[in-house]
Structure formats: structure tokens, C-alpha cells
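In this document, chain identifiers A, B and C correspond to the written order of the chains, with residue numbering beginning at 1 in each.
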Amino acid sequence: MKREDRRFIGIVACIVCALTAALAIAGCSSGSGSSSTTTAASSASADTSSYTTVESGKLIVASDLAYPPLESVPDGGGDPVGFDVDLMNALAGKLGLTCEYLPAQKFDSIVPTIKQGGKADVGCSSFTITDERKEEIDFTDSYMDSNQGLVTKSDATATTVDALNVAGKQIAVQSGTTGEEWAQENLPNATVVPLDDAIQAMTGVQTGLYDACVADLPVMKYLCNNSYTDLKVSIEIPTGEQYGIVVSKDNPGLTAALNTALQELKDDGTIDSLEEKWFGSTM
Amino acid sequence: MRACGRALIVALTCTLLALGITFVAAPISAQAMTCDKATARPNEDGGSGVIGGETTRLTWEGTVESGEDVTKVTLTIPDDGTFDGSTTRVTVLDGLTRMSVEAETKTSGNTLEVDFSQAIPEGSLVRLEVTNMCFPVEGGDYAISGTYESQAGTSALPDSPSISVIANTPLQRAVTWLDGQSWVQAWNSNQFLGMFFKPQLLLTSFVSLFGGWLVCLVIVIVAYPIAILLGLAFAFMKMAKHKVVRAIAVTYINILRGTPLFLQIYIMFFGLPMVGVNIDNNVLGVIVMAVNSSAYLAEIFRAGIQSIPTGQYEAAASLGMNGAQTMVSIILPQTVRRVIPTVTSDFITSYKDTSLLSSVGVMELMMFSKNLTTVSGNITPYMAAAIYYLIVTLPLIKVVGIVERRMARSESGGGPRPKAKGSATPAADPSTPAMASVHCEATEDDGVHGVIGALTAPFRSASSVTPRHDEMGGVPDAL
Amino acid sequence: MRSRNKHVAMVETPDALPADAAAAAAFEHDHVLSRHHFTPGEHPVVRIEHLNKAFDETQVLKDVNLDIWGGEVVVVLGPSGSGKSTMLRCINLLEKPTAGHILINDVEITGTAKTDVNKLREKLGMVFQSFNLFPHLTAKENVMIGQMKVLKKGKAEAEAEAIRQLDAVGLADRADFKPAQLSGGQQQRVAIARAVAMHPDVLLFDEPTSALDPELVRGVLDVMRDLAENGGMTMVVVTHEMGFARDVADRVVFMEDGVVVEQGLPENVFDHPVNERTAAFIGNIADA
């Protein structure tokens, strides 16, 4: 009996400790969270045309940097390159800010990062504007149209939706992307394997680990033409999705400013020339 | 059972209806607008099903055939479904090129009207993504029907391929119930608690992570005996007289211990298919885990065997026992006792390391929780995964502690004595109990002490392999 | 390997003598030095001829010659480092002699194949300074395991023998105790029972009481005395127990620096040592 009692007291003590620790952490996180967001929110509510950035004078961008030709780190390292990168630099220029990229982020962590705030101002990683994402964060106006593409080995036999929508087929996707959603919705019988980045998915298809991968068409085309020449885009999936830049809901001023700058870049032909540079034609 | 039957009936009627409509509608008028597909986003927490009565996203695609322009599309779902509260994203495509078309949408119960600002030209693909709509609660196979307007007037849309909707599950109902509780709302309003311990997600995570947990367990449970055998083999090889054999073992052990498991997983999973070896992912996972563990076990076993004092070999030899007999009857039994804590710790490590397999697509615990976190944007699935890991590791850590304590006790001579037969006096050796008390500081098995003991156990286990002063075979009374 | 060859080359040893000639010579040498009752034509159980042992550069045994007769109790004395333990361990080949011959019942064991060594060791029981009981087995199982694994006895038979031997050392009531639950003295008695249960031709004792508390020594010595006087066991005992040597030994051998310095009847060696080093050693022990 005594032993039981003591055990019970021990368990209670543990629970109390755990709760105290949890609350302490909670207190800390909510404290820091609110302090960092209030500056943004207060200035935003005062005047939506003004905005704050994490570091003054800088526009910090979160991106997965593994999605050529939109964003990638060149072989051998160095500064990120790509359509999105040039675009962000141009936009930052319009706003009078210096564009700075965080090291490569996991794609599925970018929206939460921007939502949480304090680390980066915007997420620009070929984000398709969706209503679900809009519940979490704000999007700027779209800056490019896109579609999905399904890639298989060049000599693969299973290259249609019907042939791939079979139990046992493995479809690699990038975690958190519209490509992942498409695969889950349209290939429900196959196993959808979410990976950290598209390059990994392509490598997996190349080695035969997966039967196909699904991601944004421009990227799939680019990778098939350049790095993964033994793979091909087997299905071009018309989705007509549009890319937007991810901004925190607490920073509407920044969204507005970016939209203005975006319009200017559209009007002065910068975006067309960037498309020419990275895709060989205007989209 | 009854629900099942009803679903079947609904499915049958739907199929019959659909068949009927195609037969009736097709010959009457040439279709000017076809429906290419209709799919719904899985909204089962952690599953791949579409649940009725819960918000989901409907994607409907139709093509405008030759000869007509379309100005308006109306979609209809069965009565209990609703478009109310949904938002619709309208995309019109010419091939892969997006056309700029404005559209106005209007929802009313189970119908959705999409009014295009300009007529959609022939050959265009109309894509409607309706977010936050609900299918009927009962579930079944539902086709999307509707009408469209063109210059020729209003015509019926062909039914879409049907979408399988499952009835609301008890789990989903429990989640819905939790959604309505005020304490849950209060709990979730705390940023930390809501992000790490959201009750609804915790519940669904437990259910949907279960499969992944089983995969983890099966992988490590199948892999470990293999690892033990391999480890023993390499331990003996490393102690072999033959130089080449020793070199092979040393190379094997050092390479595996000197590289990250993550890298080994990558090499095996991406390398083997490249040379044409295609093995099932789970089997390959077992192989990688077994091979990796075997290197660590080999070292543990070798250290364990070498920690047995030479006196034991000499005593066995003086009885005339040969090498194999000595190893099997004398050395290994003692080694096993000594290495149990370290091996258990290694097992715990292996079990946790199965999480690395998620990076190559093995559908284990980490993979499931990663997916859930991606979908929910919440950390709770990871916490549920942590609990699943702890369910296994905490008892094992506790076991390690108990075994170590018992071992310390028996090696120091403080263990329980069997009843002496006859009228013998208890062994009159005053040093024995004194030694026992030194070694068994933690014989009290109360809760707090036990937990702390369990948490620190893996860090103490290394001592079990170091030789104790039992070369005397027990109590060194001459000290 | 290489170093051993070097020493073999260094020490020149003649071949082992033919059995009859050796026995005759041994009798000639030993009959005045031992209380042993010699019978005509008796051959010694153990013959050690020109035994040499070196560890690397250190010569531990230098041309040791000794014969042990059936039923004889030989106590080997000497300061630590004199090579007496090494000699004992050479007899059952726990140490491999560098040169020389050891014969058990006129069969040469030096240079035998490895499998035969195990066969030979059945006939040579050993009791260690540090007991070396198997800690995972009970007292009874310790006594049984050799019988079962080596003599291939059945479990029941081995168990009966184990109980008998444990009873002989006064520990029948401790049969189910693990070594860790026994005192040092009890452990050593179990170790003796373990060795005796194999019914060896010769029992070798390597400082059996040195690791024991003084009050526990007596019990072990009593068991050994009983073995010698009532069991008729052939025993070679390396020890510092002078009383035991004087009372129980048929012959006392004094070693120093790897050489047998003096041997003879206990009363002669203790009371009238011929060699001055023996005298000094015995004087020191007596003073201590």
C-alpha cells in the first residue's frame, strides 16, 4: 500500500513538473511571439501602406533553393540563382531594400516560418496560390503561371494515370506541394512518398526507387532537359496554377508594397525579360 | 454492417443512375461541354479517404467542345452536401496556357453557380477548385451533375466520374466533439499548447500513426536478431588469430561505425536500384538497420567477451574443457549478462534510428507524422510520434536500470540467498553485506527514483562492460 | 613464436629418459627425501626434466627437475617470484614450457597437439589462488559442468557426484548458492570439490589460501589435509602455510630464482636447512 502511494505521488510529481515546464515554454514562446508581431501589427494597423521587415533595410527571403530554374544553389555553392531569385532582387530594388536569402529551408516549413514571423519577411519558392494556404498567410498577386508535370524514366512503361494508379506504384513528390495534393487526389491507389525536395524525388525516379514523381511542370521540364536526361515528362497536367509570394497576414503593408512593385515590373517588361532569360520564352 | 450495406445500395443506385443518364442523354443531344474529371482532396486526418460532412476541396474539370461557347456552369451535388461557405478558384486553360477569365460564383446549398464574365471559347479546359465544400455525411459514391449555359440555352452536364466518400468515422466524430469543447478551445488558444499538444490532432495522430509505429517495430524486431548474429560473428572474427579475418572484421566494423547511418541508408536505397538490385523498401530497411547495428554489437560483444577474466578460461581449461565448450558454457553466458544493458541501449538506439528511413520513403512513424504535420501545419503529430517512441523506449530504459542493479547486486554478492538446506549457519562473512550496500544504492523501487533511474540508465550502462573486481569470482575477502 | 625459438636455441636440453631408467633414477634421488612409501618398481606420476620457462627476456624457470609420486603430497615453498607458480602452471600447460620435458604417467605432454592437451588436463586438477569459480553457475553446477562437458556424464550422475564432493568439503547445504553468495573460504572449498569431482591423477594447488581472510584459511586447509590423509590424493601445493607443510607434506621443495634450491623431508628442511637461502627464507617466515 505504502509503495503504491509513493508511486502515485511520484507520477503526480512528474506530471506537475512536465506541466510547469510546458507552461514555462509556452509563456516564453507566446511572449516572444507577441512582441515580434506587435511591432509589425501596430505599424500595419496604423497605416497599411507602411510595413516592417525583420531587419531594417533588408528583405529576407525563405526558399527551398532546390527547384531550378526558379530557385537553386549553383553547383559548387554560392549565391542562389533562378527566376524567383532575380525577381526578388528586382522587387527588393523597387522597395529600396537589400534582398537576402536564408539558407535552404524545407519547403513545407516555409509557410509556418512566415506565419510565425521573426525569421524571414517573405517566402518565395514557387508557391502556388491556393485557398488553403491563404487561410494561413497572405499571397501577393501572381507573378507567373504554372502547371504540373509527371516524370518517369524515358523507357518506363507505366506512364499514364491509369497505369500508375495501381497499388504498389510509388510516386515521389515534394512534401507540402500542389504536386503532392495532385498525386493524392488523382493516384489514390498508388503510394505517395513525400520527400524534402524535388531533386531527391527525381534522383529516386532515376535510380528506380520510385515509379514517377510529380512537381511543377517548368521545373520538371528543365530538370529532364538538363540534369536528368534519362527521364521524361510523361504527363503534362494542366492546372493553370499561379505563383505568388508568401507574406505574413500581420504585414499587409508589405503585401501591398510588393504588389505595387510587381505591377511596375510587369509594366516595364522586367518580368518578360526574366522569363526570356530563364525559360527561353515568355510564359 | 448496416452502414456498409447502405453504402453498397447507394453505390449501386448511383452507378445505375449514371449508366441510365449516359444512355438516355448521349443520343439525344451532342454534348457541348464534357466533364473530364472530378476529384476531392482527402480530408481524413492522417488517412487518404474523403469523409462526408467534413470540409474538403472539390476539383472539377470540364472541356468546352467544338461549336459552342459556355457562359455559365452550375454544379450540383446530392442533397445533403453543401457548397455553402466554400470559395471557388476558377481556372480556364487553353492547353497549358492560362487564360484570363473573370468569374462570379454563387453558392446555394448543394448547387454552385459559376458565371463567366466572357464566353469560354471551344476547346478550353475549365477547372473549378471548390475549397471548403462538404459531401453528404452518409458517404457513398457521388457524381457531380449540373447544367451549363451557352448560346443554345441551358443543357445538362454529363455526370462526373463518381467520387467515393466515406461516412463520418467515430474518430472524426470524436474530433468534431473535441472541436466544440470550450476547454479544448481554451487549451488551443495558448500558442504553445495549441501548436504542440492540440487534442484533436493528438487523437487523430495516434490513430493514423499506429501503422507507422508497427512498421518501426517490425523493422527493428526483425533486424535485431540478424544484427545479433552478425555482430557475434564479427566479434569473433575481430578476435580471430588469422590476420586477414581480423582485418575484414576491423574494416567492416570501422566503416559502419565511422559513417552516419543516414549515409548508409542513402547508399543502400539509391545505390542498389542503380545496379539493378530491387528490394522491397521495408526489407531493405531491415537490412540496413541490421548491418548498421551489427557493427556496434560486434564491438559490444567483443568488449564483453574480453572483459571476462582470464581466470575463467584457465579454470575451464583446467577442467579439460576445449575452446568451444569454454566459449559456449562459460564465457558467453557471462558475457550475455554483462552486455544486456548495453545491448538494450543499442536496441533503443536502433529503434529510434528507424526514423531515418523516412528520408527514403519507408512508411514508418516519422514519415506519417511528417505528412500529418505538413497537412496540418501543426507540431502535434510529432509529439504523438514522440509518445509512440517513448512507449517502447521508456520501459526498456527501465529494464536496463533493473538489470544493471541486479547485476551490481549479484556481482557484489548481495543478492538474495536461497534457503540453506539443513541447519547450516548463514554464511558468516561480514564483508558481504557491506559490499552489497555499496553497490545497490537504488534498490528502493519508488516512482520518482525509478523514473530518474530509467532516464539515466543508458548513460550508466557502459560500466557494465568494464571488468569489475570479480576476478576473484565474487567477494574479495582478502582486501 | 620467434622469441620462443630463440630461447629453445639458448637452452640445451637432453631428450627425456626412458621410463624405467628415469623411474630408477628418480627413486634413487627421492627415496630419502620423501615420507612417501615407495613400492618396488614404482614409476613417478609426474616427471619434470630440465624444465625451462622464459617470459620474453626473463628466465623464470632454469632447468627444474622434479618427480611426483602417486599419493605423495609435495609442498613447494619459496619467495614470490621464485617461479613456483609458473612451474605448477607448466605441469598442466597453462604456461607453455620453453624447453624441457614434462611426463604424466610416463607420457610426454610437452609438444603435444592442442586437442590432446584438453584430454591431459582432465587428469590434472587445479585449484587457483583466486578460486575462479564460474559466477553464473551455482556451487553444484560449478562442480557438475566439467563432469558433464568433459567426462560426458549424465546430469543425474554428475549431480550426485557434485553433492558428494560438496558434502566432503562441508558445503552440501550451499549447493544452490551462486559463488557471489559464498564467502571466499567457501568458494575455495567449492573450487576444490570441482577439481576433485574430475577424479584427477594429480591435484595442483596454486597458493589456495593466499586470497583468503586469515579466519577462513583454516577451513580450506582442513579440506586439503583431509584429501591428503584420507583421500590419498597426489598433491602439489604451492603455499606459504608452513604449518600445513610441516604436518601434511611428504616432501618440501624450496625454490628460488627459478631453481630448486633444496628439497627433503619437512622436518629436515624446516629444522636443518642445508642451503643458507632456505634457512633465511624459513627464518623470515617464522619471524613474520
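To be clear about the criterion, a residue touches a chain if its C-beta (ideal position, glycine included) is under 8 Å from a C-beta of that chain, and two chains touch if they have at least 3 such contacts.
Here the structure is a predicted model, which is why all the values come from computation and not from measurement.
K.L.:
Going by C-alpha centres, which chain would you call the most central?
P.N.:
B
K.L.:
Which one of the chains is farthest from chain A, going by Cα centres?
P.N.:
Result for the farthest chain: C.
K.L.:
Taking each chain's centre as its mean C-alpha position, how far apart are chain B and chain C in Å?
P.N.:
Computed from C-alpha means, the inter-chain centre distance equals 64 Å.
K.L.:
So, what's the distance in Å between the C-alpha centres of chain C and chain A?
P.N.:
82
K.L.:
With chain centres taken as the means of their Cα atoms, state the distance from chain A to chain B in Å.
P.N.:
Whole-Å distance between the two chain centres: 24.
K.L.:
Identify all positions of chain A at which a residue touches two or more other chains, and write them in rising order.
P.N.:
Within chain A, no residue touches at least two other chains.
K.L.:
Considering the complex alone, what residue numbers of chain C touch chain B?
P.N.:
On the chain C side, the touching residues are 92, 94, 115, 118-122, 124-126, 128, 130-136, 145-146, 149-150, 172-187, 191, 194-195, 198, 210-213, 216.
K.L.:
Write out the stretch or stretches of chain B touching chain A in their complex.
P.N.:
Residues 37, 39-42, 48, 57, 59, 87, 89, 91-93, 95-98, 125, 127, 129, 131-132, 190-193, 196-197, 269-271, 273-274, 278, 281, 359-361, 363, 367, 370-371, 373-374, 377, 445-451.
K.L.:
Could you pull out which chain B residues touch chain C in their complex?
P.N.:
Residues in contact with chain C: 309, 311-312, 314-322, 325, 329-330, 333-334, 337, 410-413, 415, 417-418, 420-422, 424, 427-429, 431-432, 470-478.
K.L.:
Which residues of chain A touch chain B once you look at their complex with the stated criterion?
P.N.:
3, 6-11, 13-14, 22, 25-27, 29-30, 33, 108, 111-112, 115, 130-132, 136, 145, 147, 170, 172, 175-176, 180-181, 184-186, 188, 191, 193-196, 203-204, 207-210, 217, 236, 238-242
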